[in-house]
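You will see chain A twice below: alongside chain B first, and alongside chain C after that.
Up next is the complex of A and B:
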């Protein structure tokens, strides 16, 4: 179990900048064992910073992070339980896969050369070629194979499927499923592909400008939002009318006499409240995780100005 | 055998439940047939095994399947739960049609046509 409590991470200002940069602002999150946790967020939201704190690359200066009760920074034992696949692979450029194997077997006590060879064989990667000659996708495959071979309890993949083709994504996913089932491993993946997070993860959180917007089981997150189509007898519903029924409207658009509302709340509750207006049409559909992502960020002004200009 | 619409709005576990419901209602899976294990299905569909497990526990709760410790999940003797679900889907579709101005007579005629087509198709198979 990973416990993140009230973590704030500030980067000191560079010359010429007025203020320090707050990458994470009072973030609290717990990650239970045996799940696949998805980190979602806008560009520069703080996902990678959080991963670097979790893996002990940066020290935690404000708040606390514990993995199975231990803090990670400068703690070899806790670090031995955690593998971090950085989104950069440039550090391995001069390595061959044989070198990579030797390198990680020295750091991770549970490293299995057998598993590594098997995975590399499955992926069809050349063991004696320098990684600088690998394609982006091949580098990614190699590091993921190394991550799984280290047999750590926790594995973090930053930009998990970046540069991988659909067939390879599927192979990597099946490898991840095996890890979970065989060793009760816990995975943390970040990706901008929300649909991918939706199918692979059972829990997810959304970060924006260092703030945690929500964190829960994906099914729970989804049941907290819905899209409503509503038509009243002789007028078009306004945002205010809906709000008067105690409904939090995130977005409201109309088409003819029908209004489409994006609302926060369980669809059953919302339908119950809106039926008091005696509408002639009232339907609720769940939102996709991708829509939730977009609406939540638009509600905070992210991308909204650019979208308005287009209209 | 089961298709998951990854961009779909319905939760994935519900889609899995629906998929098995259809396979059982359609006679592809019969009573006491074994369902694929959570790991196998998760790998095949590229899903989280926890999601598959959630779908299975829902199906078990609804009495559509039963599980045997250490052996897996099997199709239970059906008590009409799947039919009930299908009728609910029908109700929703009929409701939408009525709202759009389709008359009761037209609906009834439609049901008769579909029934006829299905019986003749079945006879054709035999």
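Up next is the complex of A and C:
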């Protein structure tokens, strides 16, 4: 189990900059064993920083991160349980797949050449060709295959499916799920593609500007938000009116006499509260994870300036 | 457990080697070609007079290629330690199941495998082949000594590059600071010592012994000294030991590194200040010694500003710029303080340094009495005039036995007159007594009382650190140049020689005023006459065969 407790990560200011950059601000999170966890967040939210902290690339200066009870930084044993795939693959350019196999088998005693060969075979990657001649997607496939072959308990994939075509995404996802299920391993994936996280993960969290906005099972997250369409008899409902009923409204828009509210909370509770206004139309529509992502960030002003300019 | 750990390090280093196959191949090709050429560069000359063997090295290209191979270690280090400067590699390597210690050890082992092992094998092959051709112990010692030079240089190159890469977060900084640092620490101590310290001492007692000590760090500086000097072994080993110590010390810097520092040009600000100080100190020393102090100051400023701008990678404000200028001024001030201390302490006490005789048997001493004129108008060049030459020759003939002079008819030119030497054979006690007397005379006639700040500033900026002219009028140098006797042995493999003492060669200059000179010559001459001097001998003409009483 991975425990992240009150972690703050600050990058010291460079010459000419006024303030230190806070990449993560008091983030606490638990990642249980055997789950597939999705890291969601805006650009520069701190997803990759959190992954680097988890994999021991960065030291934890404030708060704590433990993997099965052990801190990770400079701890070979703890790091032996995890594999981190970062968002680039240029470092492997001079390798052939055989070299990649040799490289990782030197570091991970549990590395399975058999699994590697099997996965490479499935993906149809040429074992003798240099990876510099591979496409971005092929490199990605190769590294994911290496990650799965190391047979670590935790695998972290930063922008895992970047560069993969839809068909290959599906194959890779199936491959990952199969491997992880077999070993009851934990997968942590970060991606901007919320639909992908929605499809693959059973848990997710959302980061924005270093702050953790939410973290839970995806079904729980979804059930915590809903879209309400409401029409009153002789007026249009306002955000304030809805808020007065004890509802946390994230966004309110109107189309004629029908108002659309994006609210935080269980749909049944919300409908119960709004029924008191005796609406002529009241219905709840479930939100997709992508919509939750967008509305959460919009509620925090993310991209608001750009949208205003466009308007 | 230990076995498992070593296996882990070995596997990790093998993975590193896999990433840097190309540089290993390049190094192998370079050193292999070098070794092939170098094999033909060695020869052993047999002297017909007594059958002694004298190993020699004549070739240039072979040893040049092997030394190039030593320098190529820099590329190996830059590649192996690029996890410190490349974000992607840093992510991969720092997340691997290894601690900083494991990572560092595996990388050092990778440097050894990629760079040092091919180089050592090349050098070993040269030794092996030459020993098959000329099997003698004297040849073996010579071959080992010569072939340890590139190994020592290679360890030094690797150590400096590892240190610099560990202090930098960007490859460009790692590379150019390694070059600057390597250049400075190899040359500066020697230049500073041989030019500044000795010049400020006012006493010129040059000896290979001293030179070695100050050219220790930077094995290649020893190249030319090591050819004929057995003592070079000590300094080559010392050089390698210091390099290893630096690698060990660098571990404590390396383990402080983490992913946050990657991309930061210079991770530890103190390193940048150290580098600039070392660089400026070297530059000032070179230019002040050359008499181009103004050029040195301006060039130093330009170099510092360029490096600062390159390394800054951020907006340069007037405040930052002024800080740089301030730091430059501090560096220059520190240099002047160090030089000032050298001046007022007579080269950090060097003026009190006297050569010691370590022989247990006999010593070969050359005695020279010289006189030189000097004028500032000639920008520090020595010159002599015929009246001086005639004067000194007259004195020599009057006070010294003719056998001390190999060239008696030397009035024709200053060159000859000023370099009258002869070999005499005297005992240790006699030599000690002679040196003690000379030492006392130096103490009597030479002190630091006349030194003052105006003279120091004048010397620093007039382009003449030695500034002999502060002693009024013409002055006199008295020199003793000594080298140890050599003994020759023979064994089943052939002949070899062994010094009975460490090689010592020294020359003392000290200044006495003109009117004191004759008095000194008289005393010197009478002391030599009193000595129970044996016949002159030439080791190459005399059969000095001695029973083989001990092996090497």
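Heads up, the rule we're going with is that the second predicted complex is superposed on the first by the 311 of 311 C-alpha atoms of A that agree within 3 Å, B and C clash if a C-alpha of one lies under 4 Å from a C-alpha of the other, contacts with A are read in each partner's own complex, and residues count from 1 in each chain.
Rule of thumb we're sticking to: a residue touches a chain if its C-beta (ideal position, glycine included) is under 8 Å from a C-beta of that chain, and two chains touch if they have at least 3 such contacts.
Only a predicted model underlies this, so the values are computations on that prediction, with no experimental measurement involved.
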item	value
Superposed partners chain B and chain C on chain A - clash or fit	fit
First (chain B), second (chain C), both or neither touched by A:64	neither
Which of chain B and chain C A:35 touches, first, second, both or neither	first
Contacts of A:198 with chain B and chain C, given as first, second, both or neither	first
Partner chain in contact with A:90 - chain B first, chain C second, else both or neither	second
Touched chain A residues, chain B compared with chain C	C
Touched partner set for A:80, first chain B, second chain C, both or neither	second
Touched partner set for A:286, first chain B, second chain C, both or neither	first
Chain C versus chain B - closest C-alpha approach in the superposed model, Å	27
Shared chain A contacts, counted only where both chain B and chain C touch the same residue	none
Complex contacts: residues of chain A adjacent to chain C	11, 14-17, 52, 55-59, 73-77, 79-80, 82-84, 86, 88-91, 94-95, 99, 102-104, 106-108
In the complex, chain B residues that touch chain A	4, 6-13, 38-39, 42-43, 45-51, 54, 99
Chain A residues touching chain B - in the complex, by the definition given at the top	34-36, 169-170, 173-174, 177-178, 180-181, 195, 198-202, 218-219, 222, 281, 285-288, 290
Chain A contact footprint on chain C (complex, rising order)	11-12, 14-15, 18-19, 22, 86-92, 94-100, 102, 255, 258-260, 312-315, 317, 320
